[in-house]
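Lettered A, B, C and D in written order, each chain numbered from 1.
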Amino acid sequence: MIILLKQNANPKQVDNLKNWLTDSGYSLHESQGSHHSIIGLIGDTSRLDIDLISSLDVVEAVRRIQEPYKSANRKFHEDDTVISVGDAKIGGGHFMMIAGPCSVETEEQITCVAKAVKKSGANMLRGGAFKPRTSPYAFQGLHGKGIDLLLKAKKQSGLPIITEIMDINHLPLFENVDVIQVGARNMQNFELLKELGQTRKPILLKRGLANTIEELLMSAEYIMAGGNENIILCERGIRTFETATRNTMDLSAVPVLHKLSHLPVVVDPSHGTGIRDLVKPMALAAAAAGADGLIVEVHNDPVHALCDGKQSLTPEQFDDLAHAIRAILPHCIREAKW
Amino acid sequence: MIILLKQNANPKQVDNLKNWLTDSGYSLHESQGSHHSIIGLIGDTSRLDIDLISSLDVVEAVRRIQEPYKSANRKFHEDDTVISVGDAKIGGGHFMMIAGPCSVETEEQITCVAKAVKKSGANMLRGGAFKPRTSPYAFQGLHGKGIDLLLKAKKQSGLPIITEIMDINHLPLFENVDVIQVGARNMQNFELLKELGQTRKPILLKRGLANTIEELLMSAEYIMAGGNENIILCERGIRTFETATRNTMDLSAVPVLHKLSHLPVVVDPSHGTGIRDLVKPMALAAAAAGADGLIVEVHNDPVHALCDGKQSLTPEQFDDLAHAIRAILPHCIREAKW
Amino acid sequence: MIILLKQNANPKQVDNLKNWLTDSGYSLHESQGSHHSIIGLIGDTSRLDIDLISSLDVVEAVRRIQEPYKSANRKFHEDDTVISVGDAKIGGGHFMMIAGPCSVETEEQITCVAKAVKKSGANMLRGGAFKPRTSPYAFQGLHGKGIDLLLKAKKQSGLPIITEIMDINHLPLFENVDVIQVGARNMQNFELLKELGQTRKPILLKRGLANTIEELLMSAEYIMAGGNENIILCERGIRTFETATRNTMDLSAVPVLHKLSHLPVVVDPSHGTGIRDLVKPMALAAAAAGADGLIVEVHNDPVHALCDGKQSLTPEQFDDLAHAIRAILPHCIREAKW
Amino acid sequence: MIILLKQNANPKQVDNLKNWLTDSGYSLHESQGSHHSIIGLIGDTSRLDIDLISSLDVVEAVRRIQEPYKSANRKFHEDDTVISVGDAKIGGGHFMMIAGPCSVETEEQITCVAKAVKKSGANMLRGGAFKPRTSPYAFQGLHGKGIDLLLKAKKQSGLPIITEIMDINHLPLFENVDVIQVGARNMQNFELLKELGQTRKPILLKRGLANTIEELLMSAEYIMAGGNENIILCERGIRTFETATRNTMDLSAVPVLHKLSHLPVVVDPSHGTGIRDLVKPMALAAAAAGADGLIVEVHNDPVHALCDGKQSLTPEQFDDLAHAIRAILPHCIREAKW
């Protein structure tokens, strides 16, 4: 970390700062520019409060050199993390295809979709039991009953299941869920992240609509700091001025995340675009850019889906997508097997 | 709501749609453009799922005409909502000044700040006991002990208190808190909003970093749908490409919210800018634009604040701000008394 | 176009509006909702000023149904536009690879790069003679001399050339340039677009940093309205809050543009990311999403490039990229030959 | 400027870099952190190409310490710049009110508006002769004839005039125009800026929709580098995800610009919001935040304005605004006389 002192900084206050830093265990390296004095800190600054230093009267600016995350940082964990869920794996060359309806609606619906997507090669079944909806008047999911239906579909299809948690009090309901999803709106629900750090279940952590890649890694760090290192990162689009799509998919995030972190990265082209016709091209693009997996909405009857039908594929469309992904995978930036 | 049908839409499917809409209780008004057929829906469409309709094969686009919020809508509640907290009021011409440190640190600190800001005319004391921090390694607040210290400061100063809730399980700790704050990162923590709808305490609801004004009102609607109508809306800056300030304050949100809703609106120039020198000009600007109140960070020793010191005022700076606000209030867009 | 009237709109003013619309040649279709009256306009509204109508006292809102662009609209031009440049083609299944340095520096540099990229299969040579730089103190390009050097490289390599225009007064210098590039900062330099509409040279039109897909098509429309229909659209990243990359590449724009327009679309992963390591993954992703071509920065000595070296590939890296693109093309969303 | 070297950087390449920097006239100050070596550059780095250094293989990151602008920098020009236009002044405590229609339409219109706004105290008349319109089919202004009409209105009212330039070839038409406006879309039309740097006329430079405050100052620097130091900066809203307003006004830019630069700052609440009802509250807010002036759209018959009528005030509304501004000015952050 580099601390840039103000011109004409009070020398006594500068001394106080230097003493405090030395007392905190840092070695200091000072240098004098034409306009500013600079203090370089040597030591682990990840636990140092950058805002505190910035606020001092004698400080003009503070620049971090090291990333503020440790456990999620590839510098300290060179090899790709591989996460196993049932028979399936993700990361380190293993591609995972997650598919299923936006919401669990009926046993018939979820079982039917589960069997269909399994036939096309999906490794995991998704389905929302708790649904975050902007309007309090919109359908909010079947809650516990939705999870029961997912578990039935798991039994019938043999697919592991993933579903979203919205409240830490619901955690006991997730006992037999294979992967817990943290949605974009909860990416910085830090109390929830801390609790999930106490479990050992794989967590699929979605990037928030207005969150940077670094903030996504800091949220992963929250979970990992509790001891749970099974994190799957998910790019699902960010909010920009563009209105032609529901969100703007930031596919650059895939290679950037692979550079910065060892954690696997999946992409959600369904929420990322919000438009059925864009799911296939963007799924192919995500794979090409090196995604370790996809999470795709599939509904047996999109016309009557209770939510997000606009972006769901039919089982036939999903099967077509699965074929296209199989064909493109050997030519993508990361060699992945599926 | 207006439904635009696709050119060459299958007539049978169109009939199905029309029957379903009629069965759902809407009157239909059809018209024929040069390129498209249009169905106008007459009836209360706030409970209708716009995504569902948009997803239908025969539908090109759907346009809402009415706002999707009811309880928060000025159309159905013409007069300004006035909320009383202790002796203080906000809304309908009553201006409220909320001040205090980012975090509660010690009894001495919070009591000292409480007395100082009261002397300058503040009507409420703020102070964080639970702190949402991007890094798991940063100071997270004193939790229950922080609330205890706030209550002591309330007793000593006579000021009502406001503090942020981060987890619904902490609600019992807030029994004697006067106003509960929902932070920007929790604006769409819908489970939390629903629970707060069951209380009757005033809620200060902060706009999320990437949330539209309409989404802020929808989150207010979540709380109001539970029966709690005591909502104070708060503009605190949104996330944009500009990096000169921590966030970009969207002061237009103040007159827009007043047009759309009867709820009072406060502005947070401390988090909105993240820079001490900008707090006063932006506080004056907020008042000028019609804000019903301000929430300002004040610390007796900003240099040693445990978080966000960069944007905290000293008690002397706050006193200067308070004088400036008193002087400008009679000339602002809304006449407000303080 | 649908005009929504205000509740309690003055009937006389409404009559004035309706007469004016009828006089302007539109047929009207009126309907009555529970809260609002609605007027539907039948006729070509692309020349109607939406702001004018919106500003009327009796009007609550105006909604366009048709896109405001005609010549660039796939609805009126079903087949893909194919543009020929020398022996190369782009669009309608023809993939074009454009490569070369950010700036033309010396004859040796540009000739050497031209030969190298041709050997790897590039169909066109890029190189900046006029450089838009944020700072007036940065290198601004060799201007006319740069174009001369490009022409020499064209002669030696046989590759057609593309270079950016920044001022309409420079147009005579572009006489032997094959494709004229309009940069992101000039996408809405409407006077420039109008002049280019008078030429018949192919124009590569880059999307502006803060411009929507619709605005890109409107800028294409400016050129096409002058009679020049040889437009290649280019996605090169938009400006968002994310700072890990120089811009945020909006690859969804590729399939969206293909849906809305018949014009070919190329992607610029060099400026889109600003980081050398991201060029290959994002180039593959662009191809996967259906791009009709790529424009890539290649420099024989990136370390000494006068500008943008950070994102330039070496000829060896470009050759590797070219092989990867050839391998992936048969598996992309659009079958394209290169 | 601080250069952070990569771990394990090739020592020979590092030496090359250091020699090159020394040859370029910089003194170097090296220091060794626990993970990185750091080189501090001492000397004027504003002419150094940050991208070039960043691109080197041995460089991890480069951090600027000094602002890249000189002439526009308050550090080198402590006192506020005061610009005189006719009898009016702006900056350094002088407030300027600019008003007039979006477009010049007829002699009667512009003369009538000029007299009305003068009566209310406006110091300058605005009116567009060249109009940048997104659609090629929308009204584009009266061009030379519009400037003639403005000059007539100037003669009749005694008000100096300001109008927008869109093409450097039109400059001769602006001979008798008092202030030349550069619109948001041309903020980075660098060829235009350079030419305007050769004139000595005051330039009102509007911030681009996606441009940072620093980029605005760099564009001012382009003009000032040519010798023209009469620059008025203008905040007119940036593009964000919010759709309730046409743009998001970034009023924090006012105090930030005053801190960084000595140039006067005006605010345009008409384009900044796009909605008539928001002009007054945001004009008051702009003044409160310290704006040195306002530029406001006024039309004698907004209902028939050829463009942007939605945001124009009537002369009566403008008169009301002028009174409100006079009343609030003594209580704003900067004491300004008008």
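Everything that follows uses one rule, which is that a contact is a pair of C-beta atoms (placed from the backbone, for glycine too) under 8 Å apart; a residue touches a chain by one contact, two chains touch by 3 or more.
These numbers come from a predicted model, not from an experiment.
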*So which has more C-beta pairs touching, B-D or A-D?*
B-D
*Return the chain whose centre of C-alpha atoms lies at maximal distance from the corresponding centre of chain B.*
C
_Between chain A and chain D, centroid-to-centroid distance (C-alpha), Å_ = 39
*From the C-alpha centre of chain B to that of chain D, how far is it in Å?*
31
*Where chain A touches two or more other chains, by residue*: 210, 238-241, 243
*Partner chain D, residues of chain B touching it in the complex*: 210, 212-214, 238, 240-245, 248-256, 259, 272-273, 277-278, 280-282, 284-290, 324, 327-328, 331-333
*Please name which positions on chain B make contact with chain C in the complex.*
2, 4, 29, 31-36, 38, 40-43, 61, 63, 65-66, 239-241, 243
*Which chain C residues qualify as touching chain D in the complex?*
46-47, 49, 51-52, 54-57, 68, 132-140, 166-169, 185-186, 188-192, 194, 208-210, 215, 218, 221-222, 225, 238-239, 276, 302-303, 305-312
